[in-house]
Amino acid sequence: MAGELKYAEAIRRALADELATDPAVVVMGQEIEALGGVFTATQGLAERFEGRVLDTPLAESATVGWAIGAAMAGLRPVVEIMFMDFITTAMDQIVNGAAKLRYMSGGQVAVPIVIRTPSDAGTGHGPQHSQHLETWFAHVPGLVVAMPSTVADAYWMLRHSIQDDNPVVFVESKYLYFRESGEIGATGAADHPYAARIARSGRSVTIVTAGRMVAESLAAAESLATEGIDCEVVDLRFIWPYDREALTESVERTNRLIVVHEAVGDFGWGGEVCSWAASELFYSLDAPIRRLAAPRAPIPFASHLESVIVPDRSAIESAVRDLARH
Amino acid sequence: MAGELKYAEAIRRALADELATDPAVVVMGQEIEALGGVFTATQGLAERFEGRVLDTPLAESATVGWAIGAAMAGLRPVVEIMFMDFITTAMDQIVNGAAKLRYMSGGQVAVPIVIRTPSDAGTGHGPQHSQHLETWFAHVPGLVVAMPSTVADAYWMLRHSIQDDNPVVFVESKYLYFRESGEIGATGAADHPYAARIARSGRSVTIVTAGRMVAESLAAAESLATEGIDCEVVDLRFIWPYDREALTESVERTNRLIVVHEAVGDFGWGGEVCSWAASELFYSLDAPIRRLAAPRAPIPFASHLESVIVPDRSAIESAVRDLARH
Amino acid sequence: MTNPSEMPVGDTPSDRLKLYETMVRIRELETGIESLHYGGRMHGSFHSSMGQEAAAAGVIGCLRPTDLVTSTHRGHGHAIAKGMRPTTIIAELLGLQQGSSGGKGGSMHLHDVACGFLGENAIVAGGVPWAAGAAWASRRLGKDLVAVSFVGDGGVAQGVLAETLRMARTWGTPLLVACENNHLAHSMPVERTFGEPGSIAGWAAGFGMRAEYVAGDDVFAVHRMAAEMIDEVRATGRAAFVEIEAWRVRAHSLNDPDYRYLAKDLGKSYLQTHDPIANAERDLPLTEADATAIRERIAREIAEAIDAAFEGQAAPVRSATTGVYSEAFEQEGRLRGW
Amino acid sequence: MTNPSEMPVGDTPSDRLKLYETMVRIRELETGIESLHYGGRMHGSFHSSMGQEAAAAGVIGCLRPTDLVTSTHRGHGHAIAKGMRPTTIIAELLGLQQGSSGGKGGSMHLHDVACGFLGENAIVAGGVPWAAGAAWASRRLGKDLVAVSFVGDGGVAQGVLAETLRMARTWGTPLLVACENNHLAHSMPVERTFGEPGSIAGWAAGFGMRAEYVAGDDVFAVHRMAAEMIDEVRATGRAAFVEIEAWRVRAHSLNDPDYRYLAKDLGKSYLQTHDPIANAERDLPLTEADATAIRERIAREIAEAIDAAFEGQAAPVRSATTGVYSEAFEQEGRLRGW
């Protein structure tokens, strides 16, 4: 189809459109200029936007700090961290700098930066190239955490994040870069920028998820539908802020909640959603809340081991079946 | 009393006793040798254990990496990170190194290191010297996360952690260093090393907490007792692994659960405990689970603002009162 | 066209006097803060730059108001030199609404963007890439400005500093890193980590940038060196590094037991021989009467600033949980229950 | 007393032959891995060290079996040179139980502690402090060993490297950092970040340690330089740094579209003139017949190793979630429901 793009292309298109629209936007990172991004997200942009899509030395911490300074001076830098695991080398600048500067300067300083970074297992990259760490950032006051699951969201959420006056950690799905395609459509979220998306309406069980797990959940939902279990799939889109109105509305209808994510379950963001719901939606719940997420292990290299770790449609199906039976 | 020590002294005693017992133990960090630690935790140790308590340059990342290498070669390094916020500069080594090495080497490499670091607000140190980040580490497979609340635990848990064959992030309470005193006693945890401690037995409500918030919770419990609300205070001691047996036992008796911590509530470890309980103890609960924790903000400098952020006994009292009323 | 009031100080007698006055202002402010602490009227940590005033006054004295500065945990002197008002500083340290950050930041988080003081950073060396990025961005936005980033000798060990120098070399940015080698990183003697004074500059030169050493007890020497380097940085858009040697005269922070690692009167004896303020009085030269008059005027100024700060109101309690995100975002959140 | 089998190779003809054979073994292993990938029999990323074999063979050839090595994402050559068995490597890359990490690590996480290969690290420069700390600790434990840490030119920009060199200078540790300057950090030309070959060594010298440059197309030159430096490191317990220049001949990783930033035949033409293997054949000298015989023998060896690896079993599924913590800890956890 003419209008169809891959997820990676949607990211590129969003960058291009922001670069074209706002002269304050610059893109910084490793392998983004000469190579065009290891996942092609910046391919062709350096040529098209001369001097605004720039290779950095191999120095994540200075790069993020530099972007913070550039933001202070009026730019809107977008930083690419090549794999989410590498963001560990820049945590100080993100957490003690970007996240706290507005507050600790009493509002004098704003840091409108976006840190794009891909996560996901499933690509054979091994234990230091696959970790999901979005929960960390959602725990840090001052940050926004985005995690798009579709081509349209990859595009619109990135555009929105670049224009957001707050620092955004933008978690892309490397699994979906070349697997997910779709149209960008005419606009972003229906209601407000941080609104969740009802990826599938249903009456039996609410599945709350984000990123790559949305597609897995939808596939599970289709197959469960043949058994008479009618799932509602809520794509959170933003891990912080997350859309409590949408969750309330959904759970009040289905009375059953399961959260599915690829990050490790223990102390993962599912815990936040579940415990918020256990507190605020307690009387709407007919069954214990369930979480389905990665077990407590790094991501192994071998693909048959990797697939033990990452929740998939069949794991979702059996968890939901279990929950529906309650 | 003769046997009484301060919390900071208990840490020092534990270091001294491990240094005396195990020649493989070394202590590394900033200001720990010549100065004896900014919180006196290593005072006198450099003189007593020559060449084994060592000042590093101002380089947290290399220091943790160096400790990892030293552990690979047979030592048991204890690293001090002066304030927990600074641990952000060493995240790669902790998360991609210490936590993953055993797994990604197929068991060839063990990394028995302890990273001691103080957290807590309440001391006027401001937004970059007060953040609680233990949830991050609890989310990372491969790490153990300790958070002692008493003098006895500061001592026994540190000794245990140094002998633990796994990397331990050991979160000390800088608020309690010179405020909390007590005796070390003859032994550590009753049951097993990671067991929770019932700091107070009660029948109406289970308060699950750790670190500095244990004392606040106990104070709240005393005052609530006069109103006929009989709180059980469970001191988790370890954020990971946390003692699910003790929680089950307690909540099955009280049927009411509140988690209290000083870390930011959103995506904090309370979410894990609550959502685990909402899933596993659902039918034992007579009321929605509550969390009481810091709001979504950095720690401000001014003490009257700081005290808005940190939960205190009166906040705990009203939250528990509310819960008991359900 | 540069507005005359935008001109940095040069080498005229009145310019030289201005450098002297800045140093006195810093000294008075910091001793004032100490008194407030000792009098139990202030809380929190405080890191005095006593003895190092020539670095702040000398380097920042070369800057235009539009130029930018980032600082460290020991940044009151830099703030003053860049034009921050003493009252605002004191009010911040008192946790008042009138403080530069409304009481949220405290002593290690002074910011005054209006006068180009981008701010302190309590994370050692963490502010260096901010300055680099801000200078680079400003240049792209057509502003002819430079940035100075202060860092301590201890901070030179931090990886982010090396990364920033590398990136500055690769990308180019009108940045001067001003390293105040005060012989100590808390209790760590600089010799142990870096070697003799000048070695830090030697190391920085290895990045392929101009790097100089200057003694920090002579504000005019510091000023001359910095002026020349800043001119070059401004003209070429390329980064440079200056190591300024001094001694930390006070304990690391207010209540640090420095007797554990330092001879107690080391600081005092340094001031007797190397006090940049006394040296400037000699070199200007100033008569004792003139010097006394200036010092008393500035002391009064600071005393008034302190009094004015005490007039302020406690920061409102609700400010503790607001201003974390942009106003629009927080409004949306209130509406939607985040 | 050093056991003769513990002696590193020296400069006898048979020693020199050994260096040559190591290079051939690395080349054969890596081209074997490429074939497996192209044949669809292997998955995951793979970073070839083709053209850089002299660094691995020359430096590690100076080491004793008890000496230690840490490596990068491009570490198959280092692993082979340190004595790791090709079968174990291939099995790891196939995700098999017999792999060095039981299939959990893959190409960027080879470890063989028994032969002193502490491991690769896929985080650029992240392994350097491991080597520094391991060498330091071993020295304290009375072992007369040294450690070598490999790092790429790109990795020199990482803060942790600078921090480690600083700490090595301050604490002392018998460490040699061997920087393979292969002219590229993925697509970033070394000139842009560092300058001409030799500049990296120049920068490292600024830390106050011995730092040398050597061309990486002559394994004997690399070996002579490394042997001298390692002797000194071993004798003094002080760290040193060597920059070894070569070219990356293959794409950054197996499926990298390097034509986007590189003339397609640059690698090939480098090999025509600078191939360390061809150079060694000329310098040894070896007759063509002898060289062919050696290459064929080693090719057979590798082919057999590959066949042997394919005999292995898939890592058991339960291993995906075990071995995260110590055995005792995991047992306790199973008991108590963590």
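By written order: A, B, C and D. Residues from 1 in each chain.
Throughout what follows, contacts are C-beta pairs under 8 Å (C-beta built on N, C-alpha and C of every residue); 3 or more make two chains touch, one makes a residue touch a chain.
In this text the structure is predicted, and so the values were computed from the model without any measurement.
A.B. asks: For the chain pairs A-C and B-C, which is connected through the larger number of C-beta pairs in contact?
C.D. replies: Per the contact counts, A-C leads.
A.B. asks: Return the chain whose centre of C-alpha atoms lies at maximal distance from the corresponding centre of chain A.
C.D. replies: C
A.B. asks: Counting in whole Å, what is the centre-to-centre distance of chain A and chain B, each centre being its mean C-alpha position?
C.D. replies: Measuring from centre to centre gives 30 Å for this pair.
A.B. asks: Nearest whole angstrom, what separates the Cα centre of chain B from the Cα centre of chain C?
C.D. replies: Centres of chain B and chain C (C-alpha means) sit 36 Å apart.
A.B. asks: Between chain A and chain C, what's the gap in Å when you average each chain's C-alpha atoms?
C.D. replies: Going by mean C-alpha positions, chain A sits 39 Å from chain C.
A.B. asks: Any idea how many Å lie between the Cα centroids of chain C and chain D?
C.D. replies: 45
A.B. asks: Show the residues in chain C shared as contacts by 2 or more other chains, in ascending order.
C.D. replies: 101, 103-105, 109, 121-123, 157-160, 163, 166-167, 170, 192-193, 324, 338
A.B. asks: Can you tell me which residues of chain A touch two or more of the remaining chains?
C.D. replies: Residues 57, 59, 61-62, 85-86, 89, 92, 96, 103-104, 126-128, 141-142, 296-298, 300.
A.B. asks: Applying the document's contact rule, which stretches of chain D touch chain A when the two form their complex?
C.D. replies: 43-45, 92, 95-96, 101, 103-109, 121-125, 154-155, 157-160, 185-188, 192-193, 256-257, 260-261, 314-315, 317, 319-321, 324, 338
A.B. asks: Where on chain B does chain A make contact in their complex?
C.D. replies: 61, 85-86, 88-89, 91-92, 94-96, 99-100, 103-104, 126-128, 131, 133, 135-136, 138-142, 240, 263-264, 266-280, 282-283, 287-291, 296-298, 300
A.B. asks: What does chain A use to touch chain D in their complex?
C.D. replies: 30-31, 33-36, 38, 43, 55, 57-59, 61-62, 85-86, 89, 124-129, 295-298, 300-306, 308-309
A.B. asks: For a test of understanding, state which residues of chain D touch chain B in their complex under the given definition.
C.D. replies: Going through chain D, the ones touching chain B are 68, 70, 99-105, 109, 111-114, 118-119, 121-123, 126, 128-138, 140-141, 147, 159-160, 163-164, 166-167, 170-171, 323-326, 328-329, 332-333, 336-338.
A.B. asks: Over in the complex, which chain D residues touch chain C? Could you list them?
C.D. replies: Where chain D meets chain C, its residues are 156-163, 166-167, 169-170, 192-193, 195, 199, 202-208.
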